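Please find the structures below.
Shared between the two complexes below is subunit A, which has subunit B as its partner in the first and subunit C in the second.
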Partner chain A sequence: MSDSDGRRGATRRGFIKGALAAGAGAASAGAAGAEAGDPAITELQPWMRAFGPGVDASPYGLPSEHESHVRRRYVEWLRPDTISAVNFTPIHQLDGIITPNGLCFERHHSGVALIDPGRHRLMINGLVDTPLVFTMEDLKRFPRENRIYFLECAANSGMEWRGPQLNGCQFTHGMIHNLMYTGIPLRHVLDEAGLKPGAKWLLAESADAAAMTRSIPLEKALDDCLLAFAMNGEALRPEQGYPLRLVVPGWEGNMWIKWLRRIEVGDRPWHQREETSKYTDLLGDGRTRRFTFEMDAKSVITSPSPQAPITHGPGPTIITGIAWSGRGTIARVDVTLDGGVNWHTARLSGPSFDKSLHRFYFEFDWDGRPMLLQSRAIDSTGYVQPTKDALRAVRGVSSGYHNNGIQTWAIDSEGRAENVEIS
Partner chain B sequence: MSRFRDLAALSLGVILAASAAFAQQGGKLGLGRPASPDELAAWDIDVRPDGLGLPEGRGDVLTGEELYTGLCAACHGDFGEGTGRLPALAGGEGTLTDEFPVKTVGSFWPYLSTVWDYVHRTMPYGNSQSLSDDEVYALTAYILYLNDLVDEDFVLTRENLPAIRLPNEGGFIPDDRAGTELPAFSAEPCMENCKDRVEITARAGALDVTPEAEER
Partner chain C sequence: MSDSDGRRGATRRGFIKGALAAGAGAASAGAAGAEAGDPAITELQPWMRAFGPGVDASPYGLPSEHESHVRRRYVEWLRPDTISAVNFTPIHQLDGIITPNGLCFERHHSGVALIDPGRHRLMINGLVDTPLVFTMEDLKRFPRENRIYFLECAANSGMEWRGPQLNGCQFTHGMIHNLMYTGIPLRHVLDEAGLKPGAKWLLAESADAAAMTRSIPLEKALDDCLLAFAMNGEALRPEQGYPLRLVVPGWEGNMWIKWLRRIEVGDRPWHQREETSKYTDLLGDGRTRRFTFEMDAKSVITSPSPQAPITHGPGPTIITGIAWSGRGTIARVDVTLDGGVNWHTARLSGPSFDKSLHRFYFEFDWDGRPMLLQSRAIDSTGYVQPTKDALRAVRGVSSGYHNNGIQTWAIDSEGRAENVEIS
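Moving on, here comes the complex of A and B:
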């Protein structure tokens, strides 16, 4: 809808009320339509009369203007500036398992590096027979693979460790995306340089002003890591590491170094800032876990949710959401309507790939009474997504990272949703 | 187009055979070129706790204080206490089990090499890799001083840095989820009549910190 609606700057509560009113209006118009005729049918619409834009009016296509509200969002109070900051994928407005390229959340430490691919190089050095330098053209001559993986920031849901804070799954769970990557198995490039005996760890480094670095076990690198240059079939977006990023399937997003310029091979980890001061898990007893790479199984109901209330009233209702695991596929997702008294196994739809998002649906007849919605993922290793209280019992409340606890949305009789915790 | 036709003329079998041979033999494709010593020196800037990667150099606390006042204090505070949401570098000793721990170089960071490496690669914020090696030694020495870990006449060098221990080095443990969490979280879950009653214990709405809704 347009600015003429006068809703710019409306509050969230105002928005929800408006959406409810609009939903009710549409329902009554539909009912009245049987007698008076639905203007959407009886009146000739502009697009039925005249030509639309011709071919090539938009050489790089954009979504309908009616979808302009579907966008990444930023939480101003979270970070000191937008240069070292994060925004969030609008997962409440998406379906299926693939994230559109322009909606993938961003996390930068020195802004988006704008790199001329002709002047980008990848260096391999350290414990190798021959330190090598590759151009992008060189890299694209290695055998390439296409694989679909989720990337989740270790801090996804981190603001929720101490209790519910943000009303919207975009903010509580939106530091995730799921893409088809085209890239080169990292082992091919390491083989080209020749690994020396004693090689056990890699250091991956970015070309941006943060020169972001992470230590990665060689075993993982040789297993399934990719040097990716394409996402969903097109070149990486600048904010996702153009022209080259590391893909570390199932492991925390911070390790997926963007704007990748160098990989050093060594015999032990480097203990860089992002794996000591940050991205470590402080436990309740004062000890800190480090190198907690794998992302535990997790799920969230994306609709209904605080930004996506039920607007149609009682009757046929669809609950949908996403589930994922850094250790394999999702075997099952259960959904509860009553805060965990009784659970129902949801329906998975879409391809089930290793370390990829899975889409679930639960269709039911809503009686209009308040609900406490939760989803619970079970992965292919048998791991069951725990409650937030179960996580806190092990880790305390200061961990910040790796919060994969079960999310609760309280739905009231009008279909509005709120982020809550329950007993 | 002729190039395309040439490529299309290659049989799929040949392509598969070539890549299979590559994978099988671990052979090299001859792609890329050797990195020169200049190139390695320009990019190989990382430093490890054992001192590997540290360049020749030295810096003292008082020189570090001067640099810090001009380049760092605006964000990190005059005494490393942090400003706003920008991180504290000093203080917080003994707070790791508190409800709101203060994680600084002195209270939390395990290795001093990380300070040297991080300051060198990306500080000051917005002007990365502008400091000389000696300046990085001096700033690192001053951060130690702010944390009461050295005296004001201390001089940090390539030789003594790896021997300096930070208080929380022993506070870090490997990922132990395989023993502590995976078994506990792998029981067959309850499906029916799992609780007697359910109550809401906390609400996000009480905080009102969510950004306003998008227009639609």
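Moving on, here comes the complex of A and C:
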């Protein structure tokens, strides 16, 4: 390895040279940096000296042991008990737009229903010509579609209505995931049962011990809802509704009934518990919004962020994050380094799908001074992600749902990040 | 559940009615079917009676225990020893176009290198102005891109040159996966080092005990190659090259060097072991093709197939499969039920990306008679997937690589499938 010994400081040019010029100390002093005499270069590493595990070692593969810190996490004070709780996607450690199946956040009302698919049934009843019961095998005889959608819990960022509460985007924005679903358009199954005159709403019911139910307008059901049985190519995971989940694109996650066992067709909404006492927006004047189905356009910088500080010092730095809208695609994301004085257009990278996560990047030379980072999403309808104060002016601070306000991270001169608000 | 009791045979209409009319016995007699008095309907299931596991049960989630048959598999007679071997993606059990990370096939030459990313380095040397060594943190300061690509081993279907050998598409076509990669365009890093006049080829080297190497034309490297660190949003899996893999879109998988530790720039190919004695196409006349980089357009029906027979009897039946091309997108897939007498255009569903898997479906009413199923891919260059005989006429039967011939499954009247060839 002599061709690199002793040359590092002198040889880096362009992109990396900028880094060293601006902050050579911070960039080259880190334990992770490649240095002359670095044993990672001069010594033969263990994995080069001996054979590794063979192909029969793991018929279903898992991440490296060096990635064991990348995991779903819960917040102790959000856990009323062991079975009704929430954990969060580690969005600060992910990239691209696909969420890996093992890291999708969970929100259950009676824990995970562990279902034998051979004994699972879907019933269609109510205002239909013919009530029907389907096995999973029956359902898989209908034409399938493959589409990528985000799912965001209505309560994502909900703790932040009254000000910064949770120090990390995993906790403030991690009730979201983005998956490729394989499923049957719901309209095929409703056509099979035959809708009676007056049919206007559906009630979707879960097979868990909570028997979770939500009312869904028929128009949405016939438009783009799916009966999904696969996520990212394989069967749904138990915590995501195995063997069958209702996909309600762009709408709040609570409506995406997991472990789907029954769809009743009716002429009006049912006003069940999870759409009255919960999952309604309490306004400042004490009234509530009856339904708030769509998830408005939103974005967040995932790195740097409180759980993902800048560790390399000044110089070339990458800001990255995610943006999404329940009403279409993301047209643009703006990023500010100074709390909104100057805005820069971020670079979107990766496919742009309707009602799907979008990934943005903003590359710049950090001068090492403190920053106030924000991102702002603009969706394909022209809607601009609002400030938290703009939201509060309309809706007060009593809601626990639908907070899509602009998030601010304060970065200090050491690269550490904190959840703050500015006005 | 009385609204469905006793009505099944009478109530199914349209799509499902067709099934019952054509083969009521087979469709309704199956153990999986929903029947009057079915205890799955009339009895409260265990998962509705008790709380399930909470959110702290699995910080990194896994599939249902009912999916334990969905796994990578190896073939005993393809295993020369425990560390140099191959296993296969269970493509007959997957849907959509994304391969879940735990099920991507493996092919190692010295087992899986288990690398500490903090001690991993990438060196750039040879015909460059400045040899460079990068830590993983250094690399992550370059601009990233997100793209979805298939990776197919050159030897996929290679055992089939002399005729049907393996009874299942997992084994005949399962050395393929399709992932969203996050990575740094290789050109950024080469620009940083500065290419000297005469630079025309790269040698990419692995950090495993085999120190796997392949020669890659500079033109390809500057075009679309990536230094990938993430797959489907999370860090690469160890068996897929953690922490760094070279992505060489559309080209044979052996060139996608895993555990990438070094890139040497030179003026000609190196002719290393894995591009001379292996991974070259031996022709019928004893000569070999020097390099065969691109993977030609190919497709396979994944269900029904020998490992995924038709179990529901006659009636509405779905044929599904995957198609791909190393030269672009898939423009069309044709399906035949009668060994090529009549061809039907299949339905493509899901996003169409350059050098990515495409998913196709063909829905039809099966009359219960034996079939000879084939699929035929046409890519965006107009290339048509050839028959195996057409390939053999040009290339003989001595190659173990680049067999993209049309696959035939014979389906018997019970729905069982077998790997056959017809001429």
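Here is the rule we go by: the second predicted complex is superposed on the first by the 387 of 423 C-alpha atoms of A that agree within 3 Å, B and C clash if a C-alpha of one lies under 4 Å from a C-alpha of the other, contacts with A are read in each partner's own complex, and residues count from 1 in each chain.
Going forward, a residue touches a chain if its C-beta (ideal position, glycine included) is under 8 Å from a C-beta of that chain, and two chains touch if they have at least 3 such contacts.
None of these values were measured; they are calculated from a predicted model.
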item	value
Which superposed partner A:Arg73 touches (first subunit B, second subunit C, both, neither)	both
Partner chain in contact with A:Lys196 - subunit B first, subunit C second, else both or neither	neither
Which superposed partner A:Phe134 touches (first subunit B, second subunit C, both, neither)	both
First, second, both or neither for A:Asn125, with subunit B first and subunit C second	both
Which of subunit B and subunit C A:Ile97 touches, first, second, both or neither	second
Which superposed partner A:Thr381 touches (first subunit B, second subunit C, both, neither)	first
Contacts of A:Arg268 with subunit B and subunit C, given as first, second, both or neither	first
Touching partner for A:Ala211 - first (subunit B), second (subunit C), both, neither	both
First, second, both or neither for A:Phe142, with subunit B first and subunit C second	both
Partner contacting more residues of subunit A (subunit B vs subunit C)	C
Overlapping contact positions on subunit A, where the subunit C interface meets the subunit B interface	1, 3, 7-8, 11-12, 15-16, 19, 71, 73-74, 79, 83-84, 110, 123, 125, 130-134, 138, 141-143, 188, 191-192, 194, 209, 211
List of subunit A residues in touch with subunit B within their complex	1, 3, 5, 7-12, 15-16, 19, 69, 71, 73-77, 79-80, 83-84, 109-110, 123-126, 130-134, 138-139, 141-143, 163-168, 171, 188, 191-194, 203, 205, 209-211, 213, 261-262, 264, 266, 268, 270-273, 276-277, 280, 282, 284-294, 296, 306-307, 334, 338-343, 372, 376, 378, 381-386, 390, 394, 397-398, 410, 418-423
Touching residues on subunit B, where the partner in the complex is subunit A	19, 22-23, 26, 28-29, 31-35, 39-40, 43-50, 52, 84-86, 96-97, 99-101, 103, 108-111, 113-114, 117-118, 121-122, 125-126, 128-129, 168, 171-177, 180-182, 184-195, 197-205, 207, 209-216
